[in-house]
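Across the two complexes that follow, chain A remains constant while its partner is chain B and subsequently chain C.
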Partner chain A sequence: MKQVVDWLYSKNPELTGEIGTELDLIEGRLVDSLDFLEFIYLLEEVSGSPIDLGTVSVDDFRTLARIEERFLSGGPALQDVSA
Partner chain B sequence: MSAATTTERSLLTALLAELAAGAPVAVGVDLTHIPSVGERLARLGPRWLGDQFSVRELRELDGVRNGGHATLAGRLAAKEAFIKLLTPQDDFVLHRDIEILRASGGAPVVHAHRSALAAAGRRALTSWSVSITHQGDWAAAVAVGAPALPAPGPVHTHHTQEKRS
Partner chain C sequence: MSTATVSVWDDEFSAAVKRLTAAAENDYYNPYQTFDWPDSIPEGALWMSEDLMSVHGTDAAAELTRDQYLALAQWESVNFYSLNVHGIRELLQEVVARIHAPGYEIPTPFFHHFLGEENEHMWFFAEFCLRYGKKLYADRSMAFPAKSHSALLDNFIVFSRILIFEQIVDHFNSRMAADSALPETIRAINRVHHQDESRHIAFGCQLVRALYERLCEAGDAEEQAMARTYVERYIETSIQQLYSVEVYRDAGIPDPFAFRTRLLADPARQAAHASITSRTTAFYQRIGLLG
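Right after this comes the complex of A and B.
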């Protein structure tokens, strides 16, 4: 998850403070349309699994909590964060 | 200003009819930063390009010798404007499912597929058009769409109803 948070900060340098796990990343425009595919690629890299956009919804990317639950839960990413 | 094609005139006529009838006309607009597109292309490479554009679009884009990044940005702006036109809710409309191709005469034309076509269906949009422009570091696009016009039926006036009764 740290890689995901770091990526969000890199794309939004004006951000100060913590990105809450329930913050709406889409409504808050922390992930804009031009960056969205790059965000998908990052999640694939972190989770170690490809993401089929035909099987997911916008809500799956809306908050850090949902992203962790949907893509990173139990995967290599969590092990990386806890390491 | 270039002369409108027959298709554009037909669409404009339909849209004006929609407006005159008080029917909803959907609009989407987008502004894309051209250098940002070039930077992403350099960094993310062919996969990013292939996830954004169809094979037919890539074939067209290959033929663009000058201002390639501006053309890419213009097409992306058109795709985004079209997505805003569709206003999908929780469903994804993939860029690759919105083909922006060049019609005869050079005007952009939208071919909606799969996720885009499904979203258009949910909004009952059956006709649409996009326009793209570039200036300096920016590409902008506007998309306009309208539902199907109801078939014209007989005109019933109060007078005729009175006569029938």
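Right after this comes the complex of A and C.
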């Protein structure tokens, strides 16, 4: 998770305070569509698993809590959903 | 979906639409009968012009085995056409949402040709990937809800995305069509696409120029700044897409994430990026958006 937070700070240099786990990153414009490729690659690299975009939605990227649950803790997105 | 007012379109734009619509009618062809589609691409052939490969000019290139290098050329070629397929899907949706809608009476005659031709481009790019690569690379983009702005800025962004995408693709197409080191099948799809795209790009330049002039006349400094930031960021994102972890993995490169990071950070790539985006930068400088 530290790498994700560091990445968010690097993308938003004007940001000073802490990024709360329930802060809406999309509403708050900390991450947008143009950053998405770099963001998804970061999550894949940190988690060690590819993310199938057919199985996720915008809401899965909305908060640090959700990102942790969905991508970084061996949640459903990391399992084989091809069946 | 936003609408545009008829007053967006000036005489210069209307004249361009007439000229390009006539050219599209004259150059009409049947893409389904245009290509030979041999059973396979010759063994050991180069699928991508070497100077267009994402490793070109880097130390990392020299560390690859010949097999890895050829595999990289092959998968970067398949990735390039896959990016085309996904980019075309997006631009078709935007143009479909505007054709014959109020405010788009002037560009609509050319929209018909644009939609028809792009559908065909999507077909032959996908056909190439599925025949010879046995797959399309997945779309790795996701649309997040964006901040709302004026219809004019919204249109400027949409048509800038299309124009920048087409200009960058055309940089690759022109080079690969002329590259005698590539098999004829690959040269042909790049050549045919380049021919149609010269009209689309001329149309897009006129469209974006007119929209930007109206945006400046509207006098909202914040929106003009947003337009500039968007274009700069979209160009950067377009470059980043050319460096694919999935491609490096398919080429048998051991740590594809580290490999991608290393290439993007390599100073030798700056000249390549400048060359890929030179037409786009020159255009936005000409209309006064970029300094």
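Please note the rule applied: the second predicted complex is superposed on the first by the 73 of 83 C-alpha atoms of A that agree within 3 Å, B and C clash if a C-alpha of one lies under 4 Å from a C-alpha of the other, contacts with A are read in each partner's own complex, and residues count from 1 in each chain.
The rule is simple: a contact is a pair of C-beta atoms (placed from the backbone, for glycine too) under 8 Å apart; a residue touches a chain by one contact, two chains touch by 3 or more.
Everything numeric here is computed off the predicted structure, so don't read it as measured data.
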Margin query: With both complexes overlaid on chain A, does A:45 touch chain B (first), chain C (second), both or neither?
Written below: second
Note to self: Taking the superposition on A as described, I'd like to know which of chain B and chain C A:37 touches: first, second, both or neither.
What the structure shows: both
_Quick one: is A:59 in contact with chain B, with chain C, with both, or with neither? Answer first, second, both or neither._
first
Larger residue footprint on chain A, choosing between chain B and chain C, goes to C
Ask   = Thinking of the overlay built on chain A, is A:6 touched by chain B (first), by chain C (second), by both, or by neither?
value = neither
*Touching A:29, do we find chain B (first), chain C (second), both, or neither?*
second
Request  = Go through the superposed model and pick first if A:69 touches only chain B, second if only chain C, both, or neither.
outcome  = neither
Chain A residues where the chain B and chain C footprints coincide 33-34, 37-38, 41, 53-54, 58
In their shared complex, chain A is touched by residues of chain B numbered 32-33, 36-37, 40, 44, 47-48, 51-52, 76, 80, 83, 88-92, 94-95, 115
In the complex, chain A touches chain B at residues 33-34, 37-38, 41, 53-54, 56-59
Listed in rising order, chain C residues that touch chain A in their complex are 138-147, 233-234, 236-237, 240-241, 245, 257, 260
Listed in rising order, the residues of chain A that touch chain C in the complex are 26, 29, 31-38, 40-41, 44-45, 52-54, 58, 61
